[in-house]
Amino acid sequence: MRTRKVKWIVIWAVLIVGGAGLVAWDLASFPEYFYERSSRVPFNHEKHAEALGLDCSKCHVGAEAGIRATMPSKADCMDCHNLPLTESEGIERLDKALLNAPDAPFVFTSLLPSNVVFPHGLHVKSGVSCETCHGSAKEIDAGRRPQVRMQDCLACHQGKLGFPKASTDCARCHR
Amino acid sequence: MTSFAYMLTALIAMLPAPFFFKTPMRVPFRAVLIGFCLLLDELFVCLLSSPAYPHYELLPFQMLALSLCISTLFLGKRRRLFASLATILWIWIDFFGMLSLSYRGVDFLWMPFVVLPLAFYPIFFMHPYKKETRFCLAVIWAAAWILSYAWTP
Amino acid sequence: MNILIFGIALLLPGLFAVDSALTLGPSSWDISQQRFWGTPIANFVFWIGLAHAGTFFSAILLVLGARWQHRVAFMAELSTLAALMVAASFPLIHLGIPSEFYQMIPMGNLRSVFVNPESPLVWDFVAILAYGIVSSLYILLHLFSLQKSSLERFRRPFAWILFPLVLWVHTIVSMDFAVTFVPNWQGAYFPLYFIFGALYSGVALVLVLTELSGRRVRAVEDLLISFSWAILAFWVWEALAKGIWHSEILVLGFLVPQLLWISKIREIQGARVLVAISGMVSLWWERLLLVQPESLDWTWVDIGLLSFGIGAFCVLFSLLRRGVQKAFPLALDENALEELRARPVQFARKPFWISICFGALAALLFAVYFVWNVPSITWMRLIPILFPIAALTAALSLSFFAARKVWSSKRIAWILGILLLWGVGVWGLVFRGSDVSYSEAFVTVSDQAGKLKSSAVDAREIWNARCAACHGKDGNLNRKFVHEYYPLPQTLSLSRIDSLGMDSLKRVILDGRNYMRPFRGRISDKEAAALVHYLKSMALQKEKGGLE
Amino acid sequence: MKISRASFLKLLAGAMAAVSLFGCRKGKPLPRNKHAKSLNKPDKNLWQKEIDEARLLKPRPEPLAPVPRPGAHPKFRNGNIRFGMAIDLDICDGCGKCALACMLENNVPRVTSEDAKKGRYMHWLELRGKMPVMCAHCGNAPCEKVCPTGAAVASPDGFSSMVYPRCIGTRFCGANCPLHARKFNYADSLTLGLAAKFNPEVPLRPQGVMEKCSLCIQRLQNARIQAKTFGTEWLGKNVFPACAEACPKGAILFGNWLDPESELVRKTQNRGIYAPKSVAKFLPAVVYLRGKA
């Protein structure tokens, strides 16, 4: 009876350890589960958008008219940051970071699969604001990213989320 | 394929039907007999049919179904079971045959599926060994045969 | 025992082939260039055909009242289970992305996309799944009925459900070919053709298995001859209707079995086995030539898959038989079976009809659900899935009635609970699906990607994006933002624009002025020109508005 | 804890199934949150060479059959768009520039030498004889009927679209296409260095899925988005697939069959309209012009 118990403990241990090992191996060899943040210059959305009243598309050119919203280049930052703007603390550190930043300081890996096209401008035009998917500036600063899930896209396109109905043809978005 | 040739196929299918199950016979001999009749049907259809009639692919097997149906009229026992099985076989051949033909753009003929289920009425609700039942069944099967050729939507 | 060793000897190299087929994909085996299908499909059709034997012998012959069927029933049922498992593995190997097979299941998913119910592959999936579950339940019922005679009355009702289902399965396998536009796959007669081919090979398999277990059932030999004549009729029709003729198949599949007419040959055990094997070989070869009529260019994986099929079948079969022998020693004891058969058998009428109603209801609900969600389908093409669903539901409900006869309600509740939990779990996994199953990456966004296209129409958009932060969307200063600037950007009136001239304004945009940084590189010459025009049009509009 | 043998076997089977499922995962085709590295400088000549190789395999043009002018898509009778093409065989001299343009536009991969020996080229637009042949975008498309997952599906814009993430590689569509216009990704071409991202707008396809001519859907989508963003109704004007753009003689016309103003409709007036015989009865949208009507 005792040996039997031991045998079962061993079997369960092997199964659990093996399962944990599989999961660990999976996570290690497919690191897409870890989200990568790669901005090199600190940026505060809340300050720029809500305090200064800048449109998203000032920096994310295309956010209101293009297919993709792009990330700002260094030149876009320097449009304003070449001026001595504020006295706030840490501005020196920011200026230094900007000075040393590469031409394209922000590179963002979008969560949109490359076989899907999401026309930002068209959505803004039909009344879907940036906040609908991206959340408020505060939330963005806190690390929120839009979840790209086909069921949400489809629900909205089918008119279930309060926006006007849109095409549900596969070939409109998939390419 | 002319309607005359089509009626001829029915005749050829029905002729050997009484002998299928009448005499006691060992299973392989019976299989050879039925298989031989099917071969003859095929040969006959092949000689008569034209590719313009796309249902011809099914015809020998519809003929087989018809002969099996007719042969159940001469069964001594379990007539209900085998008559209904033979009718279902016919429906089966027709349905899946036409389903596959419909993918090729051939019209799906509905008539056999309206008529053949009617055969279950005499099979189940009339006395299986009475003459009227046999007559009724023969009429329904014949109607199904004719309508599956003649009636196009 | 010998079967097990033989099976393992074939299975091990076969597993290597399966592994390399899964990792390397379909290019590792030989595939017809015109049809994209190869040996896995031929093997699938062959094994699913063999899987018909069990049901034929134990269900069809049971309801048709063949007196000798119990002698081979268990053997045949076990071979059905084993062959079905082998058969089901081949389509998975065949897939380009095997791990995504569940996308064929006809249920909605999280993404609210539906399968295409017009495709015979969806019918296939449902039918084989239903057949697998129902035939496993049937064999369990059969085994338990040896111990609990009260279960015996459920066997015939069950057989009546299984009888059409098994024919349906192979009909649908035949539809995989019959609905296509591939010339040698077309044939409205394929359902019967495939069914007879399946039954023929199934009978041959059962003949071999009974002989190997040291018994002889003459009726099976008779059936082999009978089916060889039936299949001959189809081969002749293939030749007459489509001009397809393979003499080697005719010799192996038709002429060789005729040797059994000669009683001298028929009395030799080896000859009987060889005849049956010849029949199976001819049918396997026939399926292969159907899938892949071009000259074969086999790799070792093709041979490995063949070996995997035979090996896996032998191993599964002998393991199943051992399991049954241990758990139900009566099942393979012929004398005991003979006694059991003497029991009067009833037909569980009420449970049968209730189950049938449940099945019909399930099929109806499914049809309504599907047509509701995918209204564009031709509903007639949904029928092939409906019957397996009805049969599966009916069989489950019949098993429930049968279980109530022998088990306490508490036990049944436990089993049902576990099954339900498991079912919901599987359903949830399938419903959710995997995340983006897409090889390539997500879009990377940098300042380079997706520049605005330039045209006069969208100068406004460029303005709004690039200039409005300071100059305001309407051309008036965005005071909230620029109050920190000194000197303030100039307001541009029409007269000022005219005095500066378009060219100098364009230069200002491109090269900058005072605090305004150059936009060269971010805005093209053309875009800059368009912006200047837009500027002017705004100023014009303002002037007009001011006058009014 | 007491476990019967049966439940242990079940457990074991479950574990085996789980392990084998993990085994089914291929290392590469899983998504990574990184952009795939394209080759530094893909040599276009390699693609050109492959086109020349493939030409030798198919020296004979497709037999043609006369068809009526393509109209509304049979599934979307009320639509006002049916994209299509007409290839003028009187002008076309079979130079093959369209084939290269197609491959570069759509990031079509090359194939391994083993696959090349078997003729498994991926060319969406292939030259049979001197005739450019691609998916005919049938109205009654045989491929769409047999696709189990709905990856091959008709678009209301009147062409036959392909949703790669839904494709599981049954290859039934390829078998059922009488024109053999569908191509299967036998190899993991990205890892093998056979694919290159010439065009950032088009995703690379993973191993195990089918693909075919999409009528340069990325161009159509972008043009539609552009037009709709700026508020204009769009009926398929001012956009051309890569092959039409690359044709030096202007033999490939693209447009909307339902727009009487379109160049496609105007230039095909009084011309003989043909389609490959094998797909002529499926209402193709891609047709061939020859002689007068």
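Residue numbering begins at 1 within each chain, and the chains themselves are lettered A, B, C and D in the order written.
To be clear about the criterion, contacts are C-beta pairs under 8 Å (C-beta built on N, C-alpha and C of every residue); 3 or more make two chains touch, one makes a residue touch a chain.
Since we're looking at a predicted model, the values are computed, not measured.
Least step count on the touch graph, chain A to chain B: 2.
The greatest centre-to-centre distance from chain B, using averaged C-alpha positions, is reached by A. Taking each chain's centre as the average of its CA atoms, chain A and chain D sit 31 Å apart. Inter-chain spacing, taken between the CA centroids of chain A and chain C, is 36 Å.
Distance between chain centres (mean CA atoms), chain B to chain D: 46 Å. Residues of chain B in contact with at least two other chains: 103.
Each of residues 65-67, 109, 113-115, 121 in chain A touches at least two other chains. Residues of chain D in contact with at least two other chains: 30-35, 145, 153, 164-165, 203-204, 229.
Of all possible chain pairs, the ones that touch are A-C, A-D, B-C, B-D, C-D. Taken in their complex, chain C has these residues touching chain B: 64-65, 167, 171, 174-175, 178-181, 186-192, 219, 222-223, 225-227, 229-230, 232-233, 236-237, 240-241, 261, 380-381, 383-384.
By the touch criterion given at the top, residues 5, 8, 11, 15, 18-19, 22, 26, 29-32, 34-36, 65-67, 109, 113-115, 117, 119, 121-122, 125, 167, 169-175 of chain A touch chain D in their complex.
For chain D in complex with chain C, the touching residues are 21, 23-26, 28-36, 75, 112, 114-115, 118-120, 142, 144-150, 153, 164-172, 174-176, 178, 180, 184-188, 190, 200, 203-210, 226, 229-230. The residues of chain B lying in touch with chain C in their complex are 26-28, 30-32, 34-36, 38-39, 42-43, 46, 54-58, 60-61, 78, 81, 92-93, 95-104, 108. Here chain A touches chain C in the complex through residues 52-55, 57-58, 61-73, 75-76, 78-80, 82-83, 85-86, 103-104, 106-115, 121, 149-151, 154-155, 158, going by the rule given at the top.
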